[in-house]
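Right, I'll just put the structure down here and ask away after.
Per-chain numbering from 1; labels A, B and C assigned in written order.
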Amino acid sequence: MSITVEKQADLKDPQEALYRPLLCKMVSVKELTPTEKLFRLERLDGRPFGHRPGQFVQVSIPGIGEAPISVSSSPSRGSYLELGVRRTGVLTGALHEMIQPGDVIGFRGPFGTYFDVDAMKGRDLILISGGCGLAPMRALIQYIEDHRDQYGKVTILYGAKSPIDILYKDELAQWVTSTQLNCQYTVDDVPEGTCWDANVGLITQLIPPLDIDPARSLAVIVGPPIMYRFVLQELKKKNLPINQIIVSLERYMKCGVGKCGHCTIEHLYCCMDGPVFWLNDVINLAGAL
Amino acid sequence: MKAYDETDLALSFQALGADYDVRVPILLSDGTRSLGRLEEGKMALAGGKLGAKPTSVFFPQMDLVFQQKGTNVRMQAPPSKPLMVVGLTAQDADCLAFLDRFFSTNFKDDLYRQKRMNSAVVVLSGKCGRDGEMLRLSSGNCDLELVFDGDRYLALAHSQTGKAMAEKMKGGLETDEISLGRLQRESKALPDDELKLLQRASSLLLDNKVPEDFWVDISNRCIACTACNLACPTCNCFDVFDWKCGDSCVNRYRLWDSCQLDGFMREASGHNPMGTEALRTRRRIHHKLAADVIRWGQMGCFLCGRCDEVCPTGIGIKAVSREMVEKYG
Amino acid sequence: MKRVLTTCTYCGVGCGFYLVSNDEGQLVGVEASREHPVAQGQLCVKGWNAFQFVQHPDRLKQPLIRRNGQLSPAFWDESMKTIAGRLKEIQRKHGNDSIAFFASAKTSNEENYLMMKLARAVFKTNNVDHCARLCHASTVVGLAQMFGSGAMTNSISCVEQADCILVIGSNTTEQHPLIGSRIVKAVRKGAKLIVADNRKIRLARLAGLHIRHRNGTDVALLNSMMNVIIREGLENKEFIADRTEKYEEFRKVVEKYPPEKGASICGVTAEEIVQAARIYAQAKNAMIVYSMGITQHTHGVDNVRSCGNLAMLTGNYGRPGVGVNPLRGQNNVQGACDMGALPNVFSGYQAVTDAAIRQKFEKAWGVEGLPDTPGLAVTTALDAAAEGKLKALYIMGENPMMSDPDQNHVRKALENLEFLAVQDIFETPTTQLAHVVLPATSWAEKDGTFTSTERRVQRIRTAIEPVGESRPDWRILCDVAMLAGYGGMKYDSPKEILDEVASVTPSYGGITFERIGQFGLQWPCPNKEHAGTPILHVGKFTRGKGVFAAVDYRPSVELPDDEYPYVLSTGRIYFHYHTGTMTRRSKLLDREERFPFVEVNENDARRLKIRDRQWVCVSTRRGEVKAQARVADVVPPGVLFMPFHFEEGAANVLTINALDPEAKIPEFKVCAAAIRSTP
């Protein structure tokens, strides 16, 4: 049950438009953590982006370049696009430093596969994310909140490095208190002198206590490369079959459309065949996880 | 069918210059043969495959993607005249077909296709290899084929474009098809041991029979010059970068990249899924011989022979396949 | 589309290739020359990307003059008059030797020749030098004394004919890739490879024997090897008797270095030394390949001599597959030396102290009173500037702020000058200190010749129009000479300049643009009928007999102690070139290594709790820089290695300005350092 690649509506004439950035306006910028900011974009022509949770856009700043950034908001919340961006280098640095609300920047996309919300219907969902992985996961969580009656039990697990690295703190608090969701989070480490009364330890510790019905559950995992192996071990112990696990993988990307070759995993292109994969499609590929 | 000598061909190509931007093999100053315009050097049809990959006409080492001035983005304009490329070998034509398929499947690469669309491709085959060596005849995946019988070039049109071109050609003698038949037989009789070797290596890889140690050993000999990728007509990887071209003017370019470089896949976090030389060397071979088979149903190598020639340490795809088959069957 | 055959601007291997430009005159690629004798259709990653930086938007496009402390755009006229005027004025005020000229191993032979002519004929000073001081000064001094010629004895094609290759102090596959690749191929064909280098370089992985001797103990290592060779009677007695002198003195010194002693100095086993000696001495054709690991020491000349001794002791001279082969770093460092951009010689290593030679040049140049005492070297000129003795400096295409030891010292020296003029293609930390900056053309925009490490004089050719208002260095130099009142430097083209070089330089006597043709000519080439010389010292050494040199081991100047417990060694990496001005503006090369880094041994890193790619601080008595840690087993415990390409983490803030007494080369390869993780 592989997800097919859908080309974006705007590329009706791909002969002309494959690498052309379209323009959008930075509507607002909000600080999430000292190294992460949330950017809200709207298209200049006012049309929707046509994004789905799990996809990404190529953000383009002339003179700086492009970088793939996951869509962090659900289309069910509006036609805007939100991006949660960690400052790591040239382009993300420019986004953080130079771009102000009102500025016009470029984007291409959205590209890539998305979380198969149809396949999730009627299932219990275990949504596991680490670090920056909460960015795309947030889009999915928002979508599920907005279509809550279509899904079974929803469990959200999130791990951050330390209390100050926690993303989307306000929403996280809402998810935790929501009666519709079971949300737990943890931090790897608490620096001395920090007040903290929640979980401490790796995200893997949150899995064993869960009551998972392997027959009706589906897990989604998004996080840094080293997280996958350990989380998968725990899920295996819960007897969750690999064709009920969805992962989102990241690779260094340049084109986003399966041409530049940077994102390949054996015969797959992470930008086009991914970033969202069913685990059974990639688990045996060298270097995938 | 008609047979042409070099003078006829030069005149014909000149005539076709009315419709096309014609590139033919020419002699550069030190004797290297390369694709150029007729006025740029002496035409040199015979001599076998060209050193540089001929697909670079459609996918150059560095290419402008667009120019952005303020919010105005101007994509690279298509060529004013369609391109006509003479001098591919039959293997090169196979490579080009593979690249066409790659750039036209799923998302279509407009930068490539606007150069490739309406272009004309002429294959040289027959006894025009180095020192008269016999070159394989094409499988018909080109517009026109010029088959050298040792004396003249027999013109074979494989497409409508090719037929139109043939009609505009100058001179030439009407000949029967006897010598073509002879050349076709000779071409079929050419040894195919290299292809067998490659197929053997391909199945070893698909069956997971090549251990990591093998790649460590080969990669110890790789100096990461990237030539195997740059010379390969089916390699398509590129990087993208921006250059300022004045106040609020930016050019975005793409540039051939190479999977043999550590930075090719290194992520912002420093994490690198292809972070060892052995993994990268494996990828170079595995991608062509196994991954492409899974994705495209065919190998991505058509034995054009370039990577084995340009690799300074002798680990092109044939050499590696040979070592692999010797070691693991 | 245009394809122009030229010679690589990066390393001294001297690969030929075509620069490809499109119809708009923009460079868009590199195409290999399949016929070129060295390249043979192959190149390294720098060669394949050599077109990239040429039209980079950062290129200097117009002259700059310092006004009110700021460098601001100026006209050529004004800038040239300022340079000539200021130099003349300073010469009048402070004397001829108050001015120094730095030529450049990046520019052509013709331009280096003109720079030395400008210094000597126009300003009457021997204060002319270039960065060979920093790389192979030891070679030029050492080998010239022993054999009469300070260059690679053999040709690159000889590598694959060797039965044994001793690589000492050269990371060949990274710094001279297309020589390195030949070593790889030679090994595959059965040649025995000995690598003496304490870093685990690529060749070490292929070597039959890898000796990881302590930095700076090469003399002890080589003396011990020779001790074994003599003890076991493996020396070539006939060769020693027929072709060499001073053997006895040498033997007596070597006697003091039994392998056990060498082993304890070098930190290796005596067994390794014995083995190396046997493998090398028993090979039919044994070749030594060395580079800056040998030369950049306060005992650099002694290191070079030891290499020369070893090859003489075993008779490995004057035939294919043998010899002592210093690999010259820069594309034209050989040529810049050949052209006499050195303080003690005219072109072709003709001594300034020789009255007859001076007379010859006075006649040729139409001047009188050429200076007769050797001038200041790059290193000593900067010392003199710091002391206020040197008043003006004219730099063509060098970046001493980044390339010379002890950056703070260099800054002080340059700031101390009354006048500094710099010609370059990019803004650099050095141009930032200049009073006048002139935009020069790159190698792709001019004609001329480069001389590769195998003494091959080859052409570079104009591939594109000059960027902005930039002008070729040779034209600039001619104009300065004219404005300074000298009429003997008027040329229409570099071809004419090379003709003049040939007329005054015996080893280049037969070298002209026409004869160089597509593939070059290897000097010595004394006359127009001579076919060039691929192998030196055939039958007899250039100077007659080869002289053995008796050398003792001397430790490096600054050794580790409690405060600075690590040995810091500096050098280059594959993807970058020198001070990075070009490679860091080439997309792929820059992407490969974007940050200054320091190699740390994994055991040291574990103890210091330093993770791979973590930012650390490296400090020495001279200063402190930040760099990313590269944790691996490339360097042995106790050793750090840092490349010097990065402005933002300049290794030469750390290095020590200690010089070899004879060659004046700095000790880039050993100083004491400390490392800690950054908060």
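Everything that follows uses one rule, which is that a residue touches a chain if its C-beta (ideal position, glycine included) is under 8 Å from a C-beta of that chain, and two chains touch if they have at least 3 such contacts.
Source: prediction; values computed, not measured.
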{"item": "Arrangement of touching chains [line / ring / star / complete / other]", "value": "line"}
{"item": "Furthest chain, CA centroid comparison against chain C", "value": "A"}
{"item": "Inter-chain centre distance, chain A versus chain C - centres from mean C-alpha coordinates, in Å", "value": "51"}
{"item": "Centre distance in Å when chain B and chain C are each reduced to the mean of their C-alpha atoms", "value": "38"}
{"item": "Two or more partner chains touched - positions in chain C", "value": "none"}
{"item": "Residues of chain B touching at least two other chains", "value": "239, 241, 244, 257"}
{"item": "Chain B-touching residues of chain C, taken from the complex the two chains share", "value": "1-3, 5, 16, 18, 20, 22, 27-36, 41-45, 48, 51-52, 56-57, 173-174, 177-178, 180-182, 184-185, 188, 202, 205-206, 518-519, 574, 587-588, 591-592, 612-613"}
{"item": "Of chain B, residues touching chain C in the complex", "value": "23, 28-34, 36-37, 40, 51-52, 56, 60-63, 220-221, 223-227, 230, 239, 241, 243-245, 255, 257-258, 261-263, 270, 309-314"}
{"item": "Chain A residues within the chain B interface of the complex", "value": "5, 7, 11, 14-21, 23, 62-66, 88-89, 92, 104, 106, 224-225, 250-252, 254-255, 257-268, 272, 286-287"}
{"item": "Sites on chain B touched by chain A in the complex", "value": "65-66, 68, 71, 73, 75, 102-103, 106-111, 113-114, 236-242, 244, 250, 252, 254, 257, 259, 264-269, 271, 273-274, 279, 282, 286-287, 290-292, 294-295"}
